[in-house]
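Chain nomenclature is as follows: A, B, C, D, E and F, assigned in order of appearance, with residue numbering initiated at 1 for each chain independently.
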Amino acid sequence: MVHHSKPMSLQEEFHAYRSRMNARILGSDSKVFKRLWSLDTLTYQDEGVLDKKTKELMGLCVSLAMRCDSCVKYHIEEALKAGANEAEIVETFEIATVIGGSIVIPELRRAFDYLDELLSTDSADS
Amino acid sequence: MVHHSKPMSLQEEFHAYRSRMNARILGSDSKVFKRLWSLDTLTYQDEGVLDKKTKELMGLCVSLAMRCDSCVKYHIEEALKAGANEAEIVETFEIATVIGGSIVIPELRRAFDYLDELLSTDSADS
Amino acid sequence: MVHHSKPMSLQEEFHAYRSRMNARILGSDSKVFKRLWSLDTLTYQDEGVLDKKTKELMGLCVSLAMRCDSCVKYHIEEALKAGANEAEIVETFEIATVIGGSIVIPELRRAFDYLDELLSTDSADS
Amino acid sequence: MVHHSKPMSLQEEFHAYRSRMNARILGSDSKVFKRLWSLDTLTYQDEGVLDKKTKELMGLCVSLAMRCDSCVKYHIEEALKAGANEAEIVETFEIATVIGGSIVIPELRRAFDYLDELLSTDSADS
Amino acid sequence: MVHHSKPMSLQEEFHAYRSRMNARILGSDSKVFKRLWSLDTLTYQDEGVLDKKTKELMGLCVSLAMRCDSCVKYHIEEALKAGANEAEIVETFEIATVIGGSIVIPELRRAFDYLDELLSTDSADS
Amino acid sequence: MVHHSKPMSLQEEFHAYRSRMNARILGSDSKVFKRLWSLDTLTYQDEGVLDKKTKELMGLCVSLAMRCDSCVKYHIEEALKAGANEAEIVETFEIATVIGGSIVIPELRRAFDYLDELLSTDSADS
């Protein structure tokens, strides 16, 4: 459907699949999924006492410790958008890996890989 | 080894790998694996008080909540074969996602993707 | 605070703690928790294509496979209220234990214990 | 061995067991455990880019989503000591519960219970 | 029902509950549970290439990393019966904790507690 | 970047990614990751009472039961290097699958696949 002269980046691949399937799920009649998505938005929004950046770093920390690859990608991106820098993200990786143990390491490798891609894309863009 | 004029569907890829490796495992001398496979068959069989369809939907619900991609594919297919329709499978997805939380969502996307492929293949076949 | 001439049953203990803490949580200002509780109610309600009993048995199956003691107690009770009988609950236990493996067995023991208490209370009442 | 005129609070019970067993573990010859404990201390210390309070709230968020009762208790206490207030802790609870799903709710009840005990002790002390 | 002049030890409490509930489960009509129990026995038996002691230490290692309290107790006892000594059990604890991370530590405390009780009972008996 | 006349084997792919990302992680300033890697090395080293082969088989058993694909690959290789034979590795697979249940089976398939590749490479080399 989409033509690329070069292979998709990790980010393009993740975004394409995520957008297509979210549209499919929210396009169904399910009230449960609509409310779950809206609850998710409410949870991370920039109100209350913790700021958006801290909340996204928390979501990232849990996602890495629980080894959810797409969740990690999503929260790295949201944390960067909310103003987190590389050092803050790496410290979040540290906490997740110490809590979750060496079994988290393979997911940690993919997390660094995705972070590096996003950071290099950002500097290439500017 | 196998030549395809077009890329394998999700279903073809899953079936090919599953068949090849199941044959490898059950072809070994392991009594433990033979008995485990036979116990698995016994558990879902259409006897006792719950019917096959309900049991497969339960297997699907656990597989999704515990984020086991191949298990989800397997039980979607078995549930459809046992007579489950799309609406019943989507309600099963809802229960699994509410119990397991937003960390289940990436697996939910793949579950919808596989369901859609099976449903479109079915109508194409008829 | 509460005086008992005999020790609380498993059921009394579970209900007392659950009621007290649910009131505490929903008595807070958290919109997130209010919506999560209401989403949970929506998910298991007797509408749509799967009946309440089947949904509660699914919730039970996931809870046991994921070894959540209070969740198991809750769904055993709700399944019984929705009309499930002992044989249906035991088959649900079987599926959960085969999927989750021998690590589920300690939780399975507590599940049988709670089921037996509820069943004996029911016959004592009638 | 220890005589109490009244039953131990949740906090006293947790502290007594934790201290006794940590002394036992670190009193053994295990280099692995000594280094793991020291790595844990290093991870949460107040250096680098994230402050101690944020790190403890992250540890709390992961502990709750992964349903580790003693870990939740430990990080609630450390977060309070590092200056977190009730509202920040409750928002951390929200994130953990939305990520981990309804299966986290029983642990959430115990988390609120422990938080309330600590907050009431603090005001009683002052 | 049972009268004790002193409180039950951790071992007595675990054994009493385990025996009572295993009898209940295997006394039911469930073919699935009978076969699962017999598969479990087959898996750890002293045949094949790994000896009983090594298999029990493996079972212990998984049980601790996956934080199953009763499973840990069971495999500590079986490992000791199969000839494991304290040092071998502690090294097994180390591997489990490094793989599973700091979230395993609360379960590690209970594991040491149970091990110490069994070791002191053994020397008292001899 | 690297040119292959034929597709990479499972082993080549795993090694290439693992080496590249480990270099990235340990090349960062993180003291936490440096110490975690060194703790990991310490844990499996051939000292103390359990030999290297037994420790690697334990690591493999936990990795399979907890369904960590890269961890399984890593420990199969290390176990083979430490002198484990096919039969010992298959018995380790059995224990992991019985503890973790049928949800482990998809990971078990990949484990056999990787084991077979390593064994056939070894014989091809000799």
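Just so we're on the same page, a contact is a pair of C-beta atoms (placed from the backbone, for glycine too) under 8 Å apart; a residue touches a chain by one contact, two chains touch by 3 or more.
In this text, all values refer to a predicted model and were calculated from it rather than measured experimentally.
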{"item": "Chain pair showing more contacts of the two, E-F and C-F", "value": "E-F"}
{"item": "Pair in E-F, A-D or A-F that repeats A-B, with over half of contact pairs matching by residue number", "value": "A-F"}
{"item": "Rounded Å distance between chain A and chain C, as computed from the means of their C-alpha atoms", "value": "33"}
{"item": "Between chain A and chain E, centroid-to-centroid distance (C-alpha), Å", "value": "39"}
{"item": "Whole-Å gap between the CA centroids of chain D and chain E", "value": "27"}
{"item": "Residues within chain C bordering two or more other chains", "value": "32, 36, 39-40, 43, 62-63, 65-66, 71, 94, 97-100, 102-103"}
{"item": "Chain B-touching residues of chain A, taken from the complex the two chains share", "value": "17-18, 21-22, 24-25, 28, 30, 32-33, 36, 40, 62-63, 66, 68-71"}
{"item": "In the complex, chain D residues that touch chain B", "value": "65, 97-104"}
{"item": "Of all residues in chain F, those that touch chain B in their complex", "value": "67, 90, 94, 97-98, 102-103, 105-106, 108-110, 112-113, 116"}
{"item": "Partner chain E, residues of chain F touching it in the complex", "value": "39-40, 43-44, 48-50, 54-55, 57-59, 61-63, 65-66, 71, 85, 87-88, 91-92, 94-96, 98-100"}
{"item": "Chain B residues within the chain E interface of the complex", "value": "31-32, 35-36, 39, 42-43"}
